[in-house]
Every structure is written in C-alpha cells, then in structure tokens.
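Structures follow.
In the two assemblies presented below, subunit A is common to both, partnered first by subunit B and then by subunit C.
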Partner chain A sequence: MSVARRSLLLFAGLFVLFVVVGWALGAANISLLLVQSFAYALVALGLNIQWGYGGLFNFGIMGMLMLGGAAVTFISYPVNAQFWGSEGPLMLGKALMALLAGFLLIWGARRADRLGIKGKWKSFVTVLAWIVAYIVYRSQIDPAAAYIESAGGGWVGGLGLHPVLGWLFGGVLAAGVAYVVGKICLGLRTDYLAIATIGISEIIRALLKNMDWLTRGTLTVSPIPWPTPLPQDLQAQGVSIADSFIYARLGFLALVLIILAIAFFLVQRAYGGPWGRMMRAIRDNHIAAASMGKDVTRRQLEIFVLGSVLMGIGGAILVSFQQIYDPGSYQPINHTFLIWVMVIVGGAGNNWGAVFGALLIYITWMISDPVAQAVMNAISGWSTDIGWGGIPEIQSRASQMRVFVLGVVITIALRYAPRGLIPEVVRREA
Partner chain B sequence: MNELIFFFNNVMIAGVVLGSIYAVGAIGVTLIFGILRFAHFAHGDMMTMGAFVAFLLMTAFQAMGFTTPFLPTGFVVLPIAMVFTAIIALGIDKGFYAPLRARGARPVTLLIASIGVTLIIQGLIRLFFGSGTWSFFETEQKQLIRIPVPLEGVTRTINFTQPQLLMIVATIIAVVALHLFLTRSRLGKAMRAMADNADLAQVSGINTKLVVRVTWIIAGGLAAMAGTMLALDVNLKPDLAFNIVLPIFAAAIVGGLGKPFGAIAGGYLIGFAETAAIFNWSVLARPFAGSLPFELPATVAIVPTEYKLTVAFVILVVVLLWRPTGIFKGAST
Partner chain C sequence: MRGRGGVSFDAVIDVQNVSKRFGGLRAVNNCSLRVERGSITGLIGPNGAGKSTLFNLVAGNIVPDEGRIFFDGQDVTGLKPHQLFHRGMLRTFQIAHEFSNMTALENLMMVPSNQTGESLIKTWLAPGAVKDAERHVRQKALDVIDFLKLGHVKYELAGNLSGGQKKLLELGRTMMVDAKVVLLDEVAAGVNRTLLQDLAANIERMNQELGYTFFVIEHDMDLIGRLCDPVIVMAQGEKIAEGPMEEIRANPEIIEAYFGAPVEAA
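Let's turn to the complex of A and B:
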C-alpha cells in the first residue's frame, strides 16, 4: 500500500473518529476539541521542523508555549490605567536600562582582549562582568517589582491591541528566546541538548510563574479577548445560547485553520526545496554535511528558531482560546511530552503525519478521561455487586488515566511503528 | 555564633541532605548511561515508585502489628523495597528497552521510550494512589534531634531530623559498598570495562547481558533508596522525584556521564549550591550591622527561593560550556 493511500485511509478513519466523538459529546464539545487539536497541530508542525527535519532534540516546548501565552496576554489584554498612571513605567524603564547596561558590560568584557587582557584574566573579567550586571539589574528590578505589585496597579496589564497581533508577537518572542537558547545549547550532543532544553523551559516557567508584576503569576489573567466574536457577542445579536457557543468556536476554528494552512504550505514547500534537502542531509549525517561546506551550527540554529516560532504562535492561540493565562497550569507532561507523542506517533519528518498525530493524540488524550470513567464505573458496579466494594474517587482517578494511556501509546508506537503511522517518504531522484 | 549555627542548619545540613538524594539518584543515571548509552529519563519516576513500594511495605508491616523501637518503619523496610524495585527495574528493561536494543535502535529512541515509561509509571501511581500526598509518619513521630553547642551566649541548637541522619548514614554505606563492588569484584570490573568500551568488553569474553542486568539491579535499588529517603524527608506524592529529575541529571552530567564518583561529587555540588543560593546571607552579617558603612538589607539571597531549581541548571550550562564532558571527563555517545 502506498503511503498516499495509507494516509488517506488514516485521515478518513480519523474523520470517522471525530464524528463519533462529536456525536457522543455534542457539537459544542467537539468544536472546542477541534480548535484545540488544530492549535496543537501547529505546535506539532513546529516540533516536526525541529526534530523531523533537523533532528534537534527540543524538550523545552512547554517554555515556548508559555512565552506565546504571555505574549498574547500582554498584547491583547485591556490597558491597566492604574499602572501607566503610577511610577511603575519609570521604574521598569530604569530596570530595562540596567539590563542593557549589564549586557553592554558583558559584551565589553568579552572583548577585553582588545585592551590586552588575555587568558585567565579575560575569564576573570567576564565572570566579574556577569556578577556586576546581575547585581545592577537586581538592584533595579526588585524595588520596581515590589512597587508595581503593591501600589502600581498590581501588574503591567496589556496593550489592548488585536489578538492576532499578539499571536504574531508570540512567535517573535519565542523566536528571540529560541535564538539565545540555541546559541548556548546547540553545540551540545543530543541527550545533553534534551536536558538543557528541559532546564530552560523550567526556568521560563519559574520566571513567568513568579514575575507577578509582568504576568500576575498564579493569580492568572482572564478574560483574554478573542479575535473572532465571542459567544456572548453572538447572544447579544439574538443567537440562542446553545448555538452561540458552536458558531463562535467555529469562527475561531476557521481562523486557526487559515493559520495552520499557511504554516503547513510554507513548511511543506521548504521540505521539498533545497533548504529542506540540506536540513535532512545535516540530520542524517552532520559530519558529511559539514564537509560539503554546510554551516551545520548556523542551519541548526535557523531551524530551532523557525520551529519555535510555530510553537509560540500555537501557545498564543491556545491561551487566547481558553481566555485565561495561568502559568501554574503548565506541566511538562501536558505541554512537552504530549507533543512529542504526537510527532512520534504521527510520523517524524512528514508534515501530514505530524498533523494527523496531533489530531489523533489530542482526541485520545481528551476522551481517555470519560472512557476511563465509564470503564471504572462499570468495574465498580460489578465489584460492588459481588461484594468487594466499589472503587473510591473514580472521578479523580479517571482523569489521571490519560497519562497512562499516553505512555502506553508511545510505547506501542515505538515498538510496532517506529517511523510513525504516516512515515517520511524518502524521495530518491533517479 | 547563633548566626553561624543558623547558617550551618540551613546550608550545610540541608545541603548534605539534598546532595545525598541527588548523588544517590545520579549514580543510577550515570551507571545506566555508562553501560547502555542513553539518558534514562524515567529514573525520577523509578525513585517515586521505590518510595511507594516502601510505603506499601510499611503499611503492610504496620497492619501486621510489626513495629520497630527506634527507627521509622519506612526506613527498616528499605532493603526489601530496594529488592522489589530492582526486580521491577529488570522487568521494565525486559519489557520496554531490551526489545528496542535488540532491534538496534538509536540511543535517542531509547530516551523517548524512557519517557513512555515515565508516563506509564506516573499514570499507574496516580491511578492507584490518587494525586494527593502521603506521609510515612502518620502513626509514628518524626524525631527531631537537637544538639546544643557548648559555647557561651549560644542559644540556637544544631537541628536535624532522625530520617536525615539515617539518610546520610545509608548514603555512606551505599557509596562504600558500590566502591568496593566496582573496584574489587570481578563483575564490578566487568561493568567498568563495559562502560569504557562495550565492544572491547564483549570480545574479551565479558558477559554483557549479565552486566546489563546487574546495572538495572543497582540502579533500581539505588533509585528506591533515594526515593524513600526523599519521601521520608518530605511527603510522598506522585510527582515526588519527577520534579527533581533535572537536578539529578545536572549532577550526573556535571560529574561526567558514566562516572559514578563524578555523580556523587556532582550531586553534592548541586545540593550545596542550591541551598547556598537561596540562603539569606544578610543573617551572617547581622552581628556587624553596627560597624558597617551602609544599612544592611533584610534579605540578601543570591536568587529568590522560587528560583531554587534554576541554580542546578545554571551550573549545568556553565560546566557544559567550560568543560563539555563534565568535571571528570565523562563518556559520550
């Protein structure tokens, strides 16, 4: 069976699955699932670029999703007038100046050899510059943060711009951070890179969770506006409550699908082009690629940044859709490993596979909770009947089932379909 | 002097405790990397699993009316828990990693498989125990040991709990035993040979399958030990060790992957660095507050407490950039 026919069959099966789930859960729920699964598909495309095209081991997806969410919150949330009317902006400006001064100092220290400071002395000066920069920055940011949180309106608020701008900014922000991260980490070997990216995503999480002045931290921000009409807007125009949710979500879905289609088109074109061929050459044998004159580190940085852009946009879309930004809700399992399972199961290196995997795994992830609950209820009823007593706390146990299901799915996939359900097609020119 | 004792309690003791847990966990990670050449990501969850095994054993013992006079029951059952966890670790290898190795999968595939194992273990623990916290000290009391310092004007005492003391003793025993095993026994030497060069070890007649099995037994046993010690110190919960898998990997990498003694050094380095980074250094300067030319701030910590976890990572990055294979020249894939 050719790959094209096989993927057609798989997508048809997926469609049937969505229809069955939609029929069981109702149109409002399936429209919600669809929006989220297509947003995850965008993130999975990002990972597919990094891992499938470039062979980069990025385990820091959670950090990129969080950055995207923070970006859209900042851009699209209404303006916090109390903050802008207080001393806060001035103090933050000073902190920003301190940060810039610190970077200048470090930059200068790294060029200390021009002044004749060499070897050990240069390392010493660089370390000293880092310490001084850190102290200067902390001395400015700590009072600013304390002031904003107590008297300056609580947090900086948003800019009140259009959410789509926020999505773009999410991509830009993720790209900027990915550039810095890539500069530091991409020289490392695969498994070191995995640990390093996990660490960076944990740092991003710690920062966004605790910088209350910037993100409100665990206090959460809501409601974040939608780019398309909200159910409440439709209700105001006379649409019934039940229908308004479906129409509003379908409107959002249309926007997500447009973005996904554009991203997919570009990524797919890039795969077939010389750039994609070069990336695959680097992935399969970076030493050979380097000896052919390809700048391996630079290309890998490029692909790391490009993949992170899609992750940032996807993370921003998810936050916009949920209307709440809660840095405390991000977990490596839900936001990093889930996406890895999507790409591995779908087929790394094949964009259709990545999208298929995203949709399939997301719906599996979401329905394993109610399914497990039904199964447990049945077992519990049976065990009560024969006198063993029921299962306690079925609801909370069932919601944990999906972690287990995810683990089983990836184990089976690695064993029986290591290249994914829709594997990469290696074209060989005759 | 009081300030110095405060420093001792909060940095030295806390650092030794944290460092012991990191070190024992990192030995397992580093041994598996040395022999099997992949980053075993599920190690944290093997630790949690070991702690839950110990917890179950303790509950069973207490249900049978078995009590221990001086030691916490959770500590007494530790050897049995280590045996059980070692058996489970062997089973995990047989069920999940061995088939992939037999197919000649790359280390990266094994790493992804270990994430699958992580998810399965966490899912099972959450399924059976829920997502709440459990304590080893529901029926027993956690003994606090206070040692007064025989100096004039000292009111503070050196404080630590009995589990912390036991943990340090157990770590020393484990490390000495491991050292003797690796340097004196035939099997231990075979393990080191295989970590150095797997192909050469195989052609010189070393039973590599046996070495792999022994590796899993040691790693599983040590994981149970580290997990139980951590659970005795804090509370038992499903993501107990998943949260510290990053510092453990940092410890293993900083010490050089594949080097057990490097892992121990890395574990203590990271443990002390974390406690020292969040310590309020202003306390130490308080006795001289009057003679300082500037006013002493209330808190001077290197990083705020919330960022404790980032310390391990910063050390990791610095070490990787400065000496990419760790302080003790570790292995590479």
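Let's turn to the complex of A and C:
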C-alpha cells in the first residue's frame, strides 16, 4: 500500500473517530476538542521540525508553551489603569535599565583581555561582573515587584491589543529564548541540548509562577479575550446558549486552521527544497555535512528556533482559547511528553504524520478518562451483581488511566509502526 | 612560481610541526610537510602511520595539539571544516561518509554551497529562483553521476550502495564544486580496475585543465606511481621521506619502514 493511500485511510479513520466521539459527547464538546487538538498539531509540527528534521532533542516544550501563554496574556489582556497610573512603570523602567547595565558589564568583562586581563583573572572579573550585575538588578526589581504587588495595581496587566498579535509575540518570545539556549548548547553535543531544555523549561515555569507582578502567578489571569466572537457575544445577538458555544468554537477553529495551514505550507515547502535536503544531510551525517561546507551549528540553531516559534504560537493559542493563564497548571507530562508521543506515533519527519499524531493522541488522551470511567462502572456493576463487590474510587482511578492508555498506545505504535503511522517518505526522484 | 626544491616553491598546504595525540598515542608527531600548488602529491605509509589523521587535521575535522597549518598562505589552524570548504578545500573520507537516507543524486546535490534554496526566506518568497538554481544543481549532479557510471543507482538510497559505489559517491561530491585542493583518502580502495583508470585520467585532467591540487593517500603503489609526483612517506606520525616514486621505491629504508622488514632484491 502506498504511503499516500495509507495516510488517506488513516485520516479517514481519524475522521470517523472524531464523528463517533462527537456523537457521544455532543457538538459543543467535540468542537472544543477540535480547537485544542489543532493547536497541539501546531506544536507537534514544531517538534517535528526539531526532532524529525533536525534530530534535536527538545524536552522543554512546556517552557515554550508557557512563554507563548505569557506573551498572549500580556499583549491581549485589558490594560491595568491602576498600574499605569502608579509609580510602577517608572520603577520597572529603572529595573530594565539595571538589567541592561548588568548585561553591558558582563559583556565588557568577557572582553577584558583587550585591557590585558587574561586567563584566571579574566574568569575572576567575569564572575565578579555576574555578581555585581545580579545585585544591581535585584536592587531595582525587588522593590518594583513589591510595590506593584501591593500598591501598584497588583500586576502589570496587559496591553489590550489583538490576540493574534499576542500569538505572534508568543512565537517571537519562544524564538528568542530558543536562540539563547541553542547558542549555548548546540556547539557541544546534541545530548546536552536535551538536558538543557529540561532545565530551561523548569526555570521558565518557576519564574512565571513566582513573578506575580508580571503574570499574577498562581492567582491566574482570566478572562483572556478571544480573537473571534465569544459565546456570550453570540448570545447577545440572540443565538441560543447551546448553539452559541458550538458556533463560537467553530469560529475560533477556523482561525486556528488558517494559521496551521499557513505554517504547514511554509514548513512543507522548506522541507521539500534544498533547505530540507541540507537538513536531512546534517541529520544523517553531520561530519560529512560539515566537510561539505554546511555550517552545522548555525543550521541546527535555525531549526531549533523555527520549531520553537511554532511551539510558542501554539502555546499562545491554547491559552487564548481556554481564556485563563495559570502557570501552575503546566505539567511536563501534559505539555512535553504528550507532544513527543504525538510526533513519534504520528511519524517523525513527516508533517502529515505529526498533524495526524497530534489529533489522534489528543483525542485519545481526552477520552480515555470518560471511557475508562464507563468501563469501570460496567465492571463494577457486574461484579457487585455477582457478589464480588464494586470497584472503589472509580473517579480517581479513571483519571489515572490516561497516562496508562498513552503508555499502551506508544508501546503498540513502536512495536508495529516504529517509524510512526505516517512515516517519513524517502524521496526517490531527487 | 613553480619548481620543486627551489626558493620559488609555492605551497598551497603547509603543515608546520603539527602534533596530535590520542591519549598516549602520538598519531601525528611533530610533522611538517608541504603540498605544492598544482601538484598531485601522494601520501603513503604503513597502516596506522597517521595519514588519515593528518588529513583530518588539514581539513579542520580535528584541531592539532601543537603546530600550525597554512592553507593558501593563510594560517587556518583551528578553522572549522565548513570554513575550509568555502576556501576551496574538499575532502573524501577513508570510511565512506555517505548520507545514507538520501538518494545518490541527493548526496551530490547537497554539496554546492550558498544554494538559493538553502535560505528559508528565499525558499518562501522566491520559489521561482530556487527552482532555477535547483535545475542547474541537478544537471550538474546528473553529469557527475553519469561520469561515475552510477546512473542506474541515482535514485537508490546511498546507504544501500555497495562499498565501491559509496567510494565513488565520495569522489563525486568533490566534483560538484570548484576546488583548490582535493584530499583523497584511499578513494580507489574497492573500486574496479576499469573505472579506476577513468578516475585516474580524470584526476589528471582536473589537475591539468582546472589547476586543482590533489593530495592523495593510497596503498596502491601502481596508482601512486602513475599519478603522483612527489610522494611523501609517513611512518609513526612523521614524514620520513619525499621524492618522486622511483626514488621512493629504490630507497631500502622506506621499504623497511613500509613492510617492517628489509626486502631481498629479487
């Protein structure tokens, strides 16, 4: 069976699955699942670029999603007039200046050899510069943060701009962080990148969770506005409550699909051309690729940044859609591991596979809880009838089943389709 | 600027007192040698003499512990392989480094540098220009692949090619772009005799017509004798002799170094 036929059949099967689930859960629920799964598809596309094309390990996807979420919160949440009317902006401005001054100091220390300071002394000066920069920055940011949280409006609020701008900013922010991380780690070995990304994403989580003045931390921010009409907006126009959710979500879905389609088209075109050929060469044999004139480190950085952009945008879309930014709700299992399963099961190195995997795994992930609950209820009823007694605490048991089901899915997939359900196609005509 | 032995020796590669240790082993030991511009210089020596290591040092794949390397008059010690490639230094690997999940044709097509389509922006915004450039690259690759008589496997994955075919592909990559110097590490090993004659003829042609300099590691003394002048002999990480092949062949010390025991005159 050709790959195209097989993919077509798989997508048809997926469509049937969505229809069945939609029939069981109702149109409002399935439209919600659709929006989220297509947003995850964007993130999976990002990982597919990094891992499928570039062979780069990114175990810090969660951090990129969080950055995207923080970005869209900041851009699209309404302006906090109390903050802007207080001393807060000025104090933050000073803290920013302190930060810049600190960077200049460190930058200068790294070039101390021009002043004749060499070797051990240079290291000493650099460490000293870091310490001084840190102290200077903290001396400004600490009072600013304390002031904002108490008297300056609680937190900085947003800018009140269009959410789509926030999504783009999410991509930019993720790109910036990916650039710095990649710049530091990629020259070494790609395994170091894996370790670094885990650390970075935990740092991002810790920061966003604790910088209450910026993100409200565990207090969470809501409601974050939608780029498309909300259910409430439709209700105001006389649409019934039940229908309003469906139509509003379908409107949001349309926007997500447009963005996914654009990203997919761009990525697909790049991968089909000389750029993709170069990337596959680097992945196959980076020593030979370097000897054939390809700047391996720079290209890996490019791929890492590009993938992170899509993750940032996807993370921003998810937050917009849920209307709440809760830094405490991010978990590596939901926001890193899940994406990896999507790409591995779907087919690393194939964009259709990544999208397919995202849709399949997300819906499996979301329905395994209710399905497990139904199955357990049935078994429990039957065992009670024959006198063996029922299953205790079905609710909490069922919610643990998601991870179990995911584990089973990935095991089966790796056994029967180790390269994914829609694997990378090796092109035969150049 | 030509002429061996004279003051006007024009070295395109100049290795000065270079050493490389792997743990306690001195793979290259205070080695100095020069490759004259426009020559086909041979490099011979017993297994483990440090020949491939020297190539790796010259091509930037590894960095010397001591000493300096000059390419085209400039100090290139510590430069990366891709930087040296852009200055015109191409190499093959002794153990074929093919891109195994790409077709033979793609293996060649990836080589030219600064291809229009290697830029994301141009790929997205100027697909027409990318397509044009791609047509040229493809034609060039097809020419090379025909020359190497690999036409029947051009759409085969490089990883599935035979050992000799992979070797040819290695050589083919160096023919995809204009080079100043080509380092060939046992490129003939495993290649059939008839094709070998073609290859040798082509190396001579590229040398004479295009002015390429070749630096060639080979164990096949006949090939070395036919192609190379001068020939450099390495043993235990050092250069022990240099001269035309007849001289080298006649030198009993070298024969001893090479074969480990003096060879009786037959």
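Heads up, the rule we're going with is that the second predicted complex is superposed on the first by the 425 of 430 C-alpha atoms of A that agree within 3 Å, B and C clash if a C-alpha of one lies under 4 Å from a C-alpha of the other, contacts with A are read in each partner's own complex, and residues count from 1 in each chain.
The rule is short, and it goes like this: a residue touches a chain if its C-beta (ideal position, glycine included) is under 8 Å from a C-beta of that chain, and two chains touch if they have at least 3 such contacts.
Being a predicted model, the structure only gives us computed values, none of them experimental.
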item: Superposed partners subunit B and subunit C on subunit A - clash or fit; value: fit
item: Winner by number of subunit A residues touched, once subunit B and subunit C are compared; value: B
item: Partner chain in contact with A:Phe57 - subunit B first, subunit C second, else both or neither; value: first
item: Subunit C, subunit A and subunit B - angle at the middle CA centre, rounded to the nearest 10 degrees; value: 80
item: Touched partner set for A:Trp275, first subunit B, second subunit C, both or neither; value: second
item: First, second, both or neither for A:Val426, with subunit B first and subunit C second; value: second
item: Partner chain in contact with A:Lys294 - subunit B first, subunit C second, else both or neither; value: second
item: Shortest CA-CA distance between subunit B and subunit C [superposed frame, angstrom]; value: 13
item: Subunit C to subunit A touching residues, read off their complex; value: 59, 61, 80-82, 85-86, 90-91, 93, 97-103, 105-107, 109-111, 113, 115-120, 123-124, 127, 130, 133-134, 137-138, 141, 154-155, 157, 173, 177
item: Touching residues (chain side subunit A, partner subunit C) in the complex; value: 266, 269-270, 273-275, 277-278, 280-281, 284-285, 287-296, 302, 306, 426-430
item: Residues of subunit B that touch subunit A when the two form their complex; value: 38-39, 96, 99-100, 103, 105, 107-109, 111-113, 115-124, 126-127, 130-131, 246, 249-250, 253, 304, 306-307, 309-310, 312-313, 316-317, 320-321, 324, 332-333
item: Parts of subunit A lying in touch with subunit B, wherever the complex brings them together; value: 57, 184-185, 187-192, 194-196, 198-200, 202-203, 206-207, 209-210, 333, 337, 340, 344, 393, 396-397, 400-408, 410-411, 414-415, 418
